[in-house]
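The same chain A turns up in both complexes below, where it pairs with chain B and then with chain C.
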Partner chain A sequence: MSNLLYLYGLVPSHEATTTPLPSIKGFDHDSVIYSISLNDVTAYVCELDSDYYSEETISDKINNDMEWLQEKAFHHHETVQQLAKQYTIVPLKFCTLYKSEDSLKHTIESNKEKLKETFKMLEGNEEWNLKIYCNDEQLKKKVSESNASIEAKRQEISQLPPGRQFFEKKKIDELINQELENEKNLFCEEIHEKLKKISLFGSIKKNWSKDVTGRKEKMAWNSVFLLPTPNVEEFIEEIKLDEETYGIDGWDFEVSGPWPAYHFSSFT
Partner chain B sequence: MTVRESIENKDIALIDILDVILDKGVAIKADLIISIANVDLVYLDLRVLISSVETLVQHKQGTRHTLQSNQFDKEREALINATGQPDKWQN
Partner chain C sequence: MQLANQTNGRINIDPDKAEQGLAQLVLTVVELLRQIVERHAMRRVEGGTLSDEQVENLGVALMNLEEKMEELKDVFGLDAEDLNIDLGPLGSLL
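And then the complex of A and B:
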């Protein structure tokens, strides 16, 4: 049996040697997590039996076996989270696999400068996620009542002969939907810019559909921030305040963190 | 409990975890390229995703925090509102 190596994260060696790793179970129930050091970088890995795991079998599992995905995604998350509590860590994406220790070492060696920079950047900073949801119907009502271009269109229509008014009124719905999307984006962009001011970096991610989130409100914004630890309280307070101010209009803010820096430790 | 702690102790949904651990970025290149990188979650079986918006992390680790009194008050209020009964806790 030849083995694959599942890589969870990379840690500066000086931190890894001062704090020992507690015993953590690996990706498979039989394996345990251990470290491989290469100069300044220490990798946390576990072994996987390559008779059972290959690109094809894992892809197949991910796409067809949701229970498996759920269990393994949580395992990955918990393991990296536990490492992140102890060390500055460059977390790896779910199912990052190497064919041999040599291959892993070679990859670390060829990225050592970037890793050094990343460790430095991450130290003392935290990754936080903000998702903004919106009750479209509630906001639509507000937009319909208070938007200037919609009001102008209404005025215009009221001057038309009754026969034409019917068709023009239908167009107003379309206009309302457009204005709704505009206002949503403007609103979220403003929040984003405000939060970026207390962050080192802020990025916008993809919105998930209602099917994925299982919520009745639509996701309007999905963003991630890298914050200096002392700014985290202020960041959360700002969001809480926004929630109190705009919740009444149908906005809902979901903040989560601190996450291992999956987003901001990425480089290619 | 600080606001920060209240968020840290919150249960995390699978969707939030997948959103993070499948992030588009790549720290370093792997030998095996798993095609989830190209899979849009929308095409996955969503029933499990939705049903799992329950607790996981803290349950598993057995470190789930007991209900704080302010949280308890909030939940009680919500229940009272839901039943439509008069609030006997109110003076």
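And then the complex of A and C:
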């Protein structure tokens, strides 16, 4: 049975020929990563023994073997990151496999125009990620104290008997929670729009749960930006400034990058 | 079990601290019921079918229940987040 090809990323051939790739171990630690060129596009791949790896076995490992998944995902990320340091790269998702060199070449050939445009868009640009966290209790206190209508309602119910007051207080709490969500969205949208102005593209992603982040504060915003390299410093400075200004109200900013442009490059 | 003061929303039974795990589990169920009762009461009050006296009595009872719940959480070193267990694809309990 012929071997499978594990595809890490695609780079423009003119960059691949001028900068040779150092020796990197492949997905199974036995094979070595090598390149396959098709005109303007060079693919970085490694071979995988199809007796051991198939769609079913990989899917089973991903769902049931956390240790394997962690090790392999780390390998994929490290490899793509290393390639991204050297080349303009269209990074591929974890476990992108092809049955043969011919099928890979066929896919590249049928998407060559799209790839050409993507390389052009990515050249000289970097992907950065911004996550905004919020201490809900701290912000809730601020919202509750600074909102005039909430304060008026509080005054209004202060003369009521305690039982009735209990229900009215619950209504106020609900109102504060709504205000808190509005405030969080408005704040993060404003930051996002400001940063988009110095980026080529900005895109909003799903917030991660506390289980994933391991943090006590809730994630309020998760976004990715494609930035021209000269704008990166300004981007980071802007966020630092926001951190200094709004940190006191319970906001926390986490910026990371440069990442391989997973969110701004589609291949097929 | 290491659930107290953790915010991962899961209950892990550790034989050495079974009491704490049980307390958390019981308080989670009690808190869920308390919140259901509270929401139902709110709807009844909003519906306008209760007399002023009934509203007052219901409000005081719920207020006492809420206070008692806070005391119990303090006793077992739990916070609101600890009682909000993760139901996987269904989301959080509370």
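Note that in this section the second predicted complex is superposed on the first by the 251 of 268 C-alpha atoms of A that agree within 3 Å, B and C clash if a C-alpha of one lies under 4 Å from a C-alpha of the other, contacts with A are read in each partner's own complex, and residues count from 1 in each chain.
Going forward, a residue touches a chain if its C-beta (ideal position, glycine included) is under 8 Å from a C-beta of that chain, and two chains touch if they have at least 3 such contacts.
Every value quoted in this text rests on a predicted model; they were computed, and no experiment measured them.
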Identify the partner contact of A:Val255: answer first if only chain B is touched, second if only chain C is, both if each is, neither if none is.
first
Between chain B (first) and chain C (second), which, if any, makes contact with A:Pro162: first, second, both or neither?
second
Taking the superposition on A as described, I'd like to know which of chain B and chain C A:Val232 touches: first, second, both or neither.
first
Going by the contact rule set out at the top, does A:Asp211 touch chain B (first), chain C (second), both, or neither?
both
In the overlaid three-chain picture, which partner chain does A:Gln81 touch, first (chain B) or second (chain C), both, or neither?
first
Chosen between chain B and chain C, the partner touching more chain A residues is B
Check whether A:Lys170 is in contact with chain B, with chain C, with both or with neither, and answer first, second, both or neither.
second
Common interface positions of chain A, toward chain B and toward chain C
211
Chain A residues touching chain B - in the complex, by the definition given at the top:
4, 7, 10, 54-55, 58-59, 62-64, 66-67, 69-70, 73-74, 76-78, 80-81, 90-99, 103, 107-108, 111, 115, 118, 129, 205, 208-209, 211-214, 222, 232-233, 236-237, 240, 255-259, 262-263, 265-268
Can you name the residues of chain C that touch chain A in the complex?
7-9, 38, 41-42, 45, 52, 55-63, 86
Looking at the complex, which residues from chain B come into contact with chain A?
2-4, 7-8, 10, 12, 14-37, 39, 41-50, 52-53, 56-57, 60-61
In their complex, what parts of chain A are in touch with chain C?
161-167, 170, 210-211, 216
